[in-house]
Amino acid sequence: MKRAELISRILIVVGILLAVGAPLFFWARTPLIHARMAEDGGWNPDVIQAEVGKPLHLKFTSDDVVHGFAVGQMDMQSVDILPGKVTDITLNFDEPGIYTFFCTRWCGLNHWRMRGTIEVSGSSSDPEPATVPLYVSLKLDLDAPHDAPVVPNGKPLAISGQSLETNLPIDQSAEYYRSHSPYEVFESLQNTPLTDGQRWNAVAYFWQSNTTSESLANGRQLYAQNCAACHGENGAGNGVFADDLVQAGEASMQSMSGAMNMMMQAPVDFTDPRRMLGASPALLQGKILRGGMGTGMPMWGSIFTEQQIWDLTAYIYSFQFEYEK
Amino acid sequence: MAKIELTRIPFIKNALKSRYPQLAVFIVMLIGYIFAILAGLIGTPVGSHNFSIVFVWIAWWAILILVAVPFFGRGWCAVCPIPLPGEWLQHGAVLSPPDKRPKWLNLRVPKMFRNIWLQNISYLLLALFSSVLLTTPNITGIVLAAMLFAAIGLSTVFERRAFCRYLCPVGGFIGLYSQTAPIELRIKDKQVCVTCEGKPCYNGSSAGYGCPWDVFPGGLTKNTYCGLCMECIRTCPHDNIAVNLRPFSADLAKPSTRMDEAFKAFIMLGSAIVYAGVLLGPWGMFKDAAYNVGSSAWFIYAIVFLAIIFVVLPGLFTLGILNTKNTLPLKQRFASLSTALIPLGLMFWVAFSLSFVLTNASYILAALSDPLGLGWNLFGTANAAWLPMLTSILAPAQTLALVVGLVWSARTAQKSANEAGTSSMPVVIYCFVATSLMLWLLL
Amino acid sequence: MRPTPNTDRPTSPNLMRFHFSLLLLVMAGLAVAFVPLPVPAITPQERTFEIDAHQFAYSPSELKVNTGDTITIQLVSADVVHGLYVYGYDISVEADPGQSATLTFVADKPGSFRFRCNITCGAMHPFMIGKLNVGSNSWLYRSIGLAALAVFGVTVSKKPKA
C-alpha cells in the first residue's frame, strides 16, 4: 500500500476514534445531577451522600426547563439550574442527618414534588432536640372544618383597632396569638361594649402587632415563590394551576370511593373570611408543615424553617386584615 | 451570456484534481458528523445547547440553503461525509484505486428505484417528524447515524453511491435546486467523448473510480445528478471535463418533464409554506399538532400536510394550466411548467430559513464552547446570551428573496411556456399568489 | 429543430427604451417600498393585555394596537418559567408561574412584530411565537405590491417568440 494511503487511513481511524471516544470519555467522567420536570423523573440522582465537614461539590444541569436548587432548612440562597447549562454548587454540612433538597423555580404542576435527599453522615457536635409542632401539642385536627360562624363586613382595619386596643382583655403573649384563631379572639371580646365591627378591628390590630414588617416582607416573597402558583397571586385560590388541580381531582373521583375531601381539589382561597378567620396560626402552621395528604397541598416540613412558616402565616392573614403600611 | 471555465485556472484545476485537499475536507467533515451523532446521543437533551441540533439545523442548514445550494449547486454533496466510510470500503482505498479491488456485490439499483421517488418519500418522512427532529438531540443523532449506516450498508450491496443518488432525503432537493446554481461540471467537447474508448469517466480506471453518482459525464446537460465529486476530472484521459461558472439557472432553460422532479418541486414549495405557517406563525394549536407525533392531532396535521403537497398545490397548478393553448400533453406540460417552481421554492426556503437562522445563530457560539452541555468553555463563549441577529434587515431581506424568487420563476415560466408552446400567465399568477401567501406568513 | 432565439444585440433605440423601462420599474419599486403613506391620526391610548404563556404558545397570541399606544403586557406563566421578547422593540420580560411580570412600552414603530419566548421552556421553545400588530402592516402590503410590480415588469418585458 502506498505511504499516502496508509497515512490517510491512520488519520481517518484516529479521527473517528477521537470523535467517538472523546465525548464518551468526558461524558462518563462528568458526574451531573440532571433536573427534569417531576412528570419526567425529577432529580436524577435524587439521593446524594455527604459527610459532615467535607465540602460537597455538585454539578447540576436541567434537561428541559428552568429549575432551581436549594436545601431545606439551610440558610442558603437558591441557585438557578438552566437548561443545557451546568451549575456548580458547593455545600457544607455541620450536622449529620437527612436533608431535603428541592426545586425553587416553578416547573409544572408537580414542581413541589421535585425533591431529593442528601444523606449526611458523621458525628453530631451540637444535637438539637426535636421540637413538637404547636398543632400537635394543641391536639388540633388539621382536617376538621374550621369555618368562623361570624365574619366581618369588609376587611377589618388594624389602624382603627389601634385606638381601641388599650383596655382590651387580650393576652399579649405570642403563645396566645399562635394558638387562637381571629374568630376566637373576636369571641373573647364579646363582653366588651364594642360593636362587632370594632371588635374585628381590634382583632386586626392584635394580629398586626404580632407581625413585624420584616416578617411580612419575607412572607410575601415566600408566598410569591412557593404558593402563588396554586393559591393565586392575590390569594384567591385561583392560581395558574388551580384548574389543573381540580381536573386531577375530578379525574381521580372515579377511583376514590370514600375520602373525597382528601383528593386533589381547588387550592384554598385565602380571601375567604369564613375559612380563614376560623384558623389559628398554629392550624395554618400545621397545614403547611404536614401538607394536604393527597389534596395537592405540599408538605413543607423539611423545607421551611419554623420562622419561615410564621412569616408565611403572617402574610396569609394580610389577605384578611388591612394592615397599616 | 458567457461561461467561464474555472478549471482553466491551474490552481483551481490542481486543487480539484488532487485527492489530498478533498480528503482533508472529508476527514474534518466525517469527524464533525460523528461528533454530532455522539453529541445527539449523550449530550444535553436541550436542543439549543447541543452541538448536534445547533450545528446541523442552524449552522449547516444556514450554509446549505443560503450559500451552498444557490451558489454551488450540489456543492454540499461534494464534501458530505455520509457516503465516505461505505465508499472507502467499497473501493478498498481512501485515495487512488488500489491494485486489487475488494469484491463487493456491486449490484445495480433496480430500475423501478432509479428515480427520485424514494428521496421524495425519505424527505417527507423527515418532514412529518420535523418538529421533533429539529428540537430533540437524540432523534437527530439517531437519524444522522441511520443515514450513515444506511449509506454503508447500501455501498456493500449496490454499486456506486446508491444512498446519495437514490435515498438521501437532502440530496433530492439539493439536486433539484442545483439547476439554479451558477456552477456546473460539463464536458468541453462532445466529439472527444464520441471517440473515447472505455469511457473511464463512467467505468473507472487506475487513476480514479467510475462516476459514483451513476452519471455519464459525457451526457451531462444539467446539474441535477452530478455530485461534484471530481472523479471524472481525475479519470478523463483527454482532459475533456471542466468546472464552469455560468449564469444562474442556466439548466432551467431545458425544463425536465419528469414527474418525480415535478412533484419534488411541489413537495419543497409546500413544505416551506407549511413550516412558515406552523413554526413561525402565532398558532399554537398547529405547533402542538406537529410536535405530538402519534396523537390524533398529528395524524390530521400529517394528512393535511400531504394533501397540500400532493393534492392542493399540484391540483391548483393543473387547473391553471388545463385550458391554455398547448402543444404538449397535459402530463408533460405539468412537469415542464412546474420547473418555474424551482427558483420559487429555493427562495421560499431562503426566506423561511433566514428567520430562524438569524434568530438562533447566537446559539452557535455557546454550542462551540460547550457542545455536550457538560459545563465546558472551550472558547470562552459558553455563556453567550441568546440574541437575535440583524432583526432590522430580516423583513426586507425576506421580501427581497421572495420578490427575486418571483421574478426568477416568472422568467423561468416564460421560457418553459415558450418551449411547451403555451401561455405562461397561469403559472406566473400561481407563483404570485404563492409568493403573496408566503409574504403574509413570514412578515 | 427549434428555431434559435433572437440573439442579436438590441439596436440603440431599443436599448435606450429597455434601460428607460427598467429605470421606471426600479423607481416604481422604490416608491412602492418607501413612499410614506398618510397615516390616520388616532389618539394614542393605554392598552393592557394579559398574556398567558404555556408550553408552547401564548394566549392571546396576536395583539392589535394603534401606533403610539402605550402597551402594558402582563405575562402570566401557566406552567413553567417563560419569557416574552419583542422583535423590533428589543425588549423582554420573564415570569415564573405565580409571579406574573409586566412590560410597558410605547408602540411607536408601526408594523407587524413577532414576540417570542426567550427563556428555554422545553423542546418547542424556539417556535413559541406570537405577533404584535402596531397600526397597519404596511411592509406586508408594500411587499405584495413589489411582487405585483415584479410580475408586471416580467410580463411586459417578455421577449418576443422567435
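Letters are used for the chains, namely A, B and C, taken in the order the chains are written, and counting of residues starts over at 1 for each.
Definition applied: a residue touches a chain if its C-beta (ideal position, glycine included) is under 8 Å from a C-beta of that chain, and two chains touch if they have at least 3 such contacts.
Predicted model only: the values in this text are computed from it and were never measured.
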Based on mean C-alpha positions, I'd like to know which chain lies farthest from chain B.
A
Per the definition at the top, count C-beta pairs in contact and tell me whether A-C or A-B has more.
A-B
Indicate the whole-number Å distance between the mean C-alpha point of chain B and the mean C-alpha point of chain C.
28
Approximate Å spacing (C-alpha centroids) for the pair chain A, chain C
45
When the centre of a chain is set as the mean of its C-alpha atoms, what distance in Å lies between chain A and chain B?
54
Note: chain A residues in touch with at least two other chains are 64, 83-84
Among the residues of chain B, pick out those that touch two or more other chains and give their numbers.
46, 48
Two or more other chains in contact with one residue: find those residues in chain C.
120, 123
Give the list of chain C residues in touch with chain A in this complex.
52, 76-81, 96-100, 119-123
In the complex of these two chains, what residues of chain A are touching chain C?
37, 64-66, 82-84, 105-109, 111, 224-230, 233, 239-241
How about chain B: which of its residues touch chain C in the complex?
46-48, 131-132, 135-136, 278-285, 287-288, 291, 356, 359-360, 386, 388, 391-392, 395-396, 399, 402-403, 406-407, 410-411, 414, 418-419, 424-425, 428-429, 431-432, 435-436, 439-440, 443
Going by the contact rule at the top, pick out the chain A residues touching chain B in the complex.
1-2, 4-5, 8-9, 11-12, 15-16, 18-20, 23-24, 26-27, 30, 32, 59, 61-64, 83-86, 88
Chain A partner, complex, touching residues on chain B are 20, 23, 27, 30-32, 34-35, 38-39, 42-46, 48-50, 88, 93-96, 98, 366, 370, 372-376, 382-383
